[in-house]
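Multiple structures follow.
Paired with chain B in one complex and with chain C in the other, chain A is shared by the two complexes that follow.
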Partner chain A sequence: MAEKVNHKPYARAVTSEWIFRHPRYVRYMVREFSCLFIGGWTLLMVWGLKQLAAGPDAWAAFLELLRSPASIVFHVLALAFAAYHSVTWFNLTPKALPLQRGEAFVPDAAIAGAHFGVWAALSLAMLYLAGAF
Partner chain B sequence: MSERAIELEVLRYNPETDSAPRFQRYAIACPEEWVVLDALNHVKESVDPTLSYRWSCHMAVCGSCGMMINGEPKLACKAFLRDYDGVIRVEPLAHFPVERDLVTVIDDFMAKLARVRPYLMPKDAKAIEAGEYRQTPAELARFKRYSMCINCMLCYAACPEYALIPKYIGPAAIALAHRWNQDSRDGGREARQAEIAATEGAWECSFVGACSEVCPEHVDPAGAIQQVKIRSTVDWYTRHLMPWLKK
Partner chain C sequence: MAVSNKPLVWGPFAAGGTLTAFLAPALILLMLLAALGHTPDLLAYDRLHAFMGHWLAKLAVAGTVFLALWSAAHRLRITCYDLGIRADTVVATIVYAGALAGTGAAVLYLTRI
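Our next item is the complex of A and B:
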């Protein structure tokens, strides 16, 4: 006759320690946190549109605010986080969009590279429309 | 043959006597080419026969010896001792309840694996006498990497989403569902969607990507999950915007 087995599994607690268990988790959390800066910048732009609609004085005050040191620090951070998000995200695109040609797959670098190419082209088009050159 | 002295710090838990796990150290001398599994076998044979852990093939095929080695999910048979400095900490696979020592309770994964129906559901079923289902090399290439999964569960131990949301069906189960969905002979995608296209399926994933980094067979579950998301999104738009395309 089978001996009675005493099952008493121990569930180890999940703590936020996992974030620092390996650098990959820190990199992931940085990517997740980038949304705060990108979302904040978007809200700032919506508020800017509201100021533009409110008249020349409100718009001038908004532009003045953008020149403040705090605003410049925020914009530098937001740009850094947005670039980090875009670069890490485009590097992941070959996983989501594998392209099969016959028995082989298009190299990862070509798929990510195409995204970087379109990104650069669209950025240049935006700068051109904004009158940067 | 050169030898080196190593120290293992192994998580011990005896459900009959312990209320919580504790660490126990074993100092042993071992040949340069040993892996962690060799060291555990040596401890069990010569030092402490009460140590419990799972293993079988010793060649990264069976998927039994997955454990946390210095906090990283690894197959003990593939983790060379020479790649580690100082005390090597060996713990049971993270995110699974501990049955005893390094043995975990894997019922949750087994149940989830069954839910995604990881087997051929023929598109055009035929009698055995009618012969085999034929496939071209290109059709094989579509799913081959996902078929390499050995069910070792390292991806579950690496996945913070699975740790935080235990209902999440998880990387290996979705990768295996995707493997059959990608198979030209299979017609079971509709049936699998109920599990993998649900909130507890692919949409629980926030693309940490750790599963693919720790996979010993380079299955790339993270890629499979994103492809499931894309196909589910296309399904949704087809159903809502172009219902006439659906049969």
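Our next item is the complex of A and C:
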């Protein structure tokens, strides 16, 4: 007796457990999750703009909100994720912007290094101009 | 030939990713300092209100908010797909609409300053 043949196409189950199959996939997901912190923090700043526009009292209330423990924890996490985004983004710049000079390509380390240098200088300048130190 | 909207969504993603890579850590650190009670001078109401009153600052902030929200939205969309959520059109509509709504709100508040 002939066996029944299944003519339906094979549907692979869609799961998210693949993330934990390799440390590289976990790092990839950590990088991608930085969007929640950068996006969430940006929305918090939009709220800050609303409070700034509403006057000195509303702005003081916003600064008070920033000092809550939840906000401090969120800012520490957001800072770590944002820095991880920056490092991974600049490490990819040699792939995204390969530079050729004559026959040879500019070394990867020089392209990424230039970005890291500009990042450091810009960050220090912003912190200084804002009066952080 | 089908018209692709890929460059349209990917362009602001790349620009926003680059901009946030350069700016986000320092800006978040400034707010963290304020959260810890060491408020940077610029965040005093009078100074910040005067600074944000200039049209150039408004333009820069509006542009930065748009690019940061758009790149976060795009990444969130791809992450949802990676996590097994295959309703891409629905996800894309929600996240991009959210980014545009956030930008719209920022522009509205900026005009009131």
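Of note:
Following the convention adopted for this analysis, the second predicted complex is superposed on the first by the 118 of 133 C-alpha atoms of A that agree within 3 Å, B and C clash if a C-alpha of one lies under 4 Å from a C-alpha of the other, contacts with A are read in each partner's own complex, and residues count from 1 in each chain.
What we mean here is this: contacts are C-beta pairs under 8 Å (C-beta built on N, C-alpha and C of every residue); 3 or more make two chains touch, one makes a residue touch a chain.
Because the structure is a prediction, the values reported are computed rather than measured.
Contacts of A:W119 after superposition on the shared chain: chain C is touched, whereas chain B is not. Of the two partner chains placed around the shared chain by superposition, chain C is the only one that A:A82 touches, whereas chain B remains out of contact. Counting the residues of chain A touched by each of chain B and chain C gives the higher count for C. Of the two partner chains, both chain B and chain C are touched by A:V14. In the superposition on chain A, contact of A:E32 is made with both chain B and chain C. Applying the stated contact rule after C-alpha superposition, one finds that A:L63 touches chain C and leaves chain B untouched. In the superposed pair of complexes, A:A104 makes contact with chain B only, with no contact to chain C.
In the superposition on chain A, the residues of chain A touched by chain B in one structure and by chain C in the other are 14, 19, 32. Residues of chain A touching chain C in their complex: 14-16, 19, 29, 32-36, 38-39, 41-43, 45-46, 49-50, 52-54, 56, 59-60, 63, 66-67, 71-72, 75-76, 78-79, 82-83, 85-86, 89-90, 118-119, 122-123, 126-127, 129-132. Against chain A, the residues of chain B that register as touching in their complex are 13, 15-16, 18, 20-21, 71-72, 94-95, 97-99, 105, 137-138, 141-142, 160, 163-164, 206-210, 212-213, 220, 222-223, 226-227, 229-230. Chain C meets chain A in the complex at residues 17-18, 20-43, 45, 48-49, 52, 61, 65, 68-69, 71-73, 75-76, 78-79, 82-84, 86, 99, 102, 105-106, 109-110, 112-113.
If you check the complex, the residues on chain A that touch chain B are 6-12, 14, 18-19, 21-22, 24-25, 28, 32, 92, 94-98, 100, 102-105.
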